[in-house]
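Letters A, B, C and D mark the chains in the order given here, with residues in each chain numbered from 1 onward.
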Amino acid sequence: MSKALTLSQVAKALAYVAQSAMANAEKLRELDAATGDGDLGVTMTVGWKAVLEALPQLEQQGDIGKILAQAGMTFNRAAASTFGVLLATAMMRAGRQLQGKAEATLEDLVRALEAALQGVKERGKADVGDKTMLDAMAPALAALQEAASKGQSLPEALAQAAAAAEEGAAKTAGLKPRFGRAAWLGERAAQVQDPGATAVALMLRALADFCAQLD
Amino acid sequence: MKKIINDPFQFVDEVLEGILRAYPWHLKRAEGSNRALVRADAPVRGKVAIATGGGAGHIPVFLGYVGPGLCDGVCVGNVFSSPPPEAMLAVTKAIDGGRGVLYLYGNYSGDVMNFDMAAEMAEMEGITVRTVLAHDDVVSAPREEANRRRAVAGIYFAYKVAGACAAEGNDLEAVVQAAQRAADNTRSMGVALSPCTVPAAGKPTFTIGEDEMELGMGIHGEPGLERTKLKSADEITTIMLERILSDLPFRAGDEVAVLVNGLGATPPEELFVMYRKAHEIMLDYGLRIHKVLVGEYATSLEMAGASISLLKLDDELRRWLDAPAFSPFLLQQRFNTQSVR
Amino acid sequence: MKKIINDPFQFVDEVLEGILRAYPWHLKRAEGSNRALVRADAPVRGKVAIATGGGAGHIPVFLGYVGPGLCDGVCVGNVFSSPPPEAMLAVTKAIDGGRGVLYLYGNYSGDVMNFDMAAEMAEMEGITVRTVLAHDDVVSAPREEANRRRAVAGIYFAYKVAGACAAEGNDLEAVVQAAQRAADNTRSMGVALSPCTVPAAGKPTFTIGEDEMELGMGIHGEPGLERTKLKSADEITTIMLERILSDLPFRAGDEVAVLVNGLGATPPEELFVMYRKAHEIMLDYGLRIHKVLVGEYATSLEMAGASISLLKLDDELRRWLDAPAFSPFLLQQRFNTQSVR
Amino acid sequence: MSKALTLSQVAKALAYVAQSAMANAEKLRELDAATGDGDLGVTMTVGWKAVLEALPQLEQQGDIGKILAQAGMTFNRAAASTFGVLLATAMMRAGRQLQGKAEATLEDLVRALEAALQGVKERGKADVGDKTMLDAMAPALAALQEAASKGQSLPEALAQAAAAAEEGAAKTAGLKPRFGRAAWLGERAAQVQDPGATAVALMLRALADFCAQLD
């Protein structure tokens, strides 16, 4: 691949993420059932299915920022929920950073993920360490920033971000939840990996896999 | 998964279709969203409007509490998931009668974030929105953090009170105060005996042993206080009331309304066995029992279990609780104020 | 057995205690039997009185149908077992307002024999008693032997109609005719997905596979038409309505009231999914739908399943069905006569 | 034993039957659950428990007929049901035959069982062969009559009546039900033994066992 993702590659990447999210829904359902209400699997399936169906239309917009933002809103419209509205917020904020662009470089992605992280913090009022999706997003952002500063390629950087997100998600198993349904559980939820963080890692992994196969 | 359904992914939409076919004289769709239902006569001009909503699977929560003397509109999410802001905005626009809109719903983070988004959108359209959250479940956070608690069946009291206050013609601030007062003076605790299955998920939300129960479990199967061997109705009721009474705290001489709620699969008979003991405990404690409600006021699909909610009354809350209200989802109630004791 | 109960052998008595503590302004015990409950204001002088009763475990059947515009008294047996004649006699004496008493209950042999004994005893005490039996379950006997059929949720229509007719001040013969007309023009069919456990028995009444349902099963778990793989809501509803519509038979142009009843564990959501399809079928068939009732009108403890009942209306039946009635066990209903369609 | 049951023996016999009925309740529950509503086990337990508790008081009456009749009414008051009201009817009719008696001979028992059978037929409108308790009662009566005509002892006669009732109950497994809940089942109930007939056989067997051990 060249040094940037094109509009159509972004659309294809979203489709790839959608497929992967749907294929892994059951795992997320199980995690959410353990500490919450078990709907995250359905949320991912329904939300990403809606995005998948909307993609051809969204692509018409000719704007990576708009694709992202509208994909986020589409997701939450079909599968509103804690995760849905936070993902929508993240994608809308990321989209705002990429507004008007037909190509996205690694630097663009860093800025987008920064904005996304900030958006989730603002909407959800949680912080890193509170056993939420932030605990996958924050390490992913750090990895992406480091890769960028080292001049690594976009696929390499995304692979490292995905790995960092996975590691972050795995570590949530030791954290005490303070937000969302799991917070009501207190100590009893401590041993379970956070489903939202797991979902973020999953989506980033799909994105990285997609970019790795681009030539 | 044993359910009388068609496509699990069409479940919520088919439920709403069934309801609109059954009660077209009572409910209609708001323009712009098929998950937004409002009173057939909405908007009611000159009245503060009340919007509610949340995940599906809890009938009569939430849509059963739309009607005269109750809420004006409701927004329905997927099973156990928040509705999206677009649907809530559609409700808001359809019910606004020119005196502002109260968003009254349960304290669940998904709902809060989505409704906050909707409120921002509504304000941009020039509609004044205020929010009050029900947070009655005593076990879901310590007393000092009561505002972090989730809502269960006690939300009924907030609907009833706010709906009556709005029906009296009061302004938005007064309706907000009334709703908040009802919410702040309600305490609930639940117990679950068996799980339920989100249709689209296809598997039970949790598992529980044949001889176990979960004290304090939430209405989506959120874990509670502790999992123990199944206790007797009298023991369960005693544990619940001890926790509830000491939390507000209620005091001897207080006048209360009490709601014994079934989660779905628990028969009404068992709710009355619980009430039998609750009544005894409340009288021993010196409470005056003004109103007793027993039945399904907030369900969790086919979950087995029950909850008890107490509302501490004052003269106004009593009047609003006793005011007439109508919804075909509501059990008939006595609306005069004769005391039960 | 997972239930919120105390001693299973005290179950029914504790349920009644709970109910009397919850609604002392609505119900009281009749002298001479603690299984005999009557309207708090019984006897209503100058009104034909209606007594009902049967085994416990079906709330709101039977005791939930006592109240203004409904029955005057009820006699409660053990779970799924008839009450004894002594209790029924106690009810009869407590409600007789001088214009005779209608015994209105479901066609179950235990009930029939015990109530017949009670009627003999009542006549000996100078009280005129007439009997009408509900027999709405289409699958329980062939059409030619409709009087052998058992009663399920459709008995609601007979209560509502007879209660309203009596409330209008009509004489015993007229009330008997009205009740009989409602009973004869009602048809029901049910489906069960899971069993229930009689508390004192401790074991489920029947077993059924994880993917099976029993079409036509009765409300005590009496076997039905056939056991098949679980079908979709639309298929189940279609089978039920075909059987119901062809039985009376209903004809295009008939005006009907329809009741979708949950047996206990089946969530209201699923009942509305069924109604969605039932509505479509009824309109296709050319029926005019006057009134729709959806909810728990006759349960079987924690059994999962549902039934559909249709009442064919005429002008009088419509008036009586729409007349006001009150019981805290009843869902609120619209009592005016605006047509649903 | 002498040729007749005394008042106190009748009371003891009822207590013995009660104990046996309660001990065998589960078997009856199972049979009733197969074709009916599964309450017969509870009915037997609750009904006979009430009789057992009332017996000391009933014995005061000094009249075998009254003991029987009131035991029947007590049973049905505590556990009214199809079976309860039919058993009550049977015992009331039997009691009427023995009214005023302080002793009951085999001939008395024959008349009592005749009246009981007639009472159940009248109350329930069923006939022998309809797969009901009548299918245990009728053969028992025939055996009792035959034993009496042969001059057999009361314990011998009762043992034969019990055996005949058991045989009759077993044969109901082949009959198609026409009354009670089982009737709604039609063919599907044909293979199951009738619970009410089984209960009758059980009670007669207990009565026979009790009398056999009298000296």
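We adopt the following convention: a residue touches a chain if its C-beta (ideal position, glycine included) is under 8 Å from a C-beta of that chain, and two chains touch if they have at least 3 such contacts.
All values derive from a computational prediction rather than experimental measurement.
The minimum number of touch steps separating subunit A from subunit D is 3.
Mean C-alpha positions place subunit C and subunit D at a centre distance of 33 Å.
For this pair, subunit A with subunit C, the centres built from the Cα atoms lie 54 Å apart. Interchain contacts link the chains end to end along an open line, per the touch definition above.
Taken pair by pair, the chains that touch are A-B, B-C, C-D.
The touching residues of subunit C, counted against subunit D in their complex, run 9, 55, 77-87, 108-110, 113-114, 116-117, 139-141, 148, 150, 198, 200-201, 203-206, 218, 220-224. For subunit D in complex with subunit C, the touching residues are 29, 33, 35-39, 41-43, 45-46, 76-86, 89, 123-124, 179-181, 183-185, 188-189. On the subunit B side of its complex with subunit C, the touching residues are 2-6, 11, 14-19, 21-26, 56-57, 59-60, 191, 193-194, 210-211, 213, 230, 232-234, 236, 264-276, 279, 292, 294-296, 299, 301-302, 304-306, 326-334, 338, 340.
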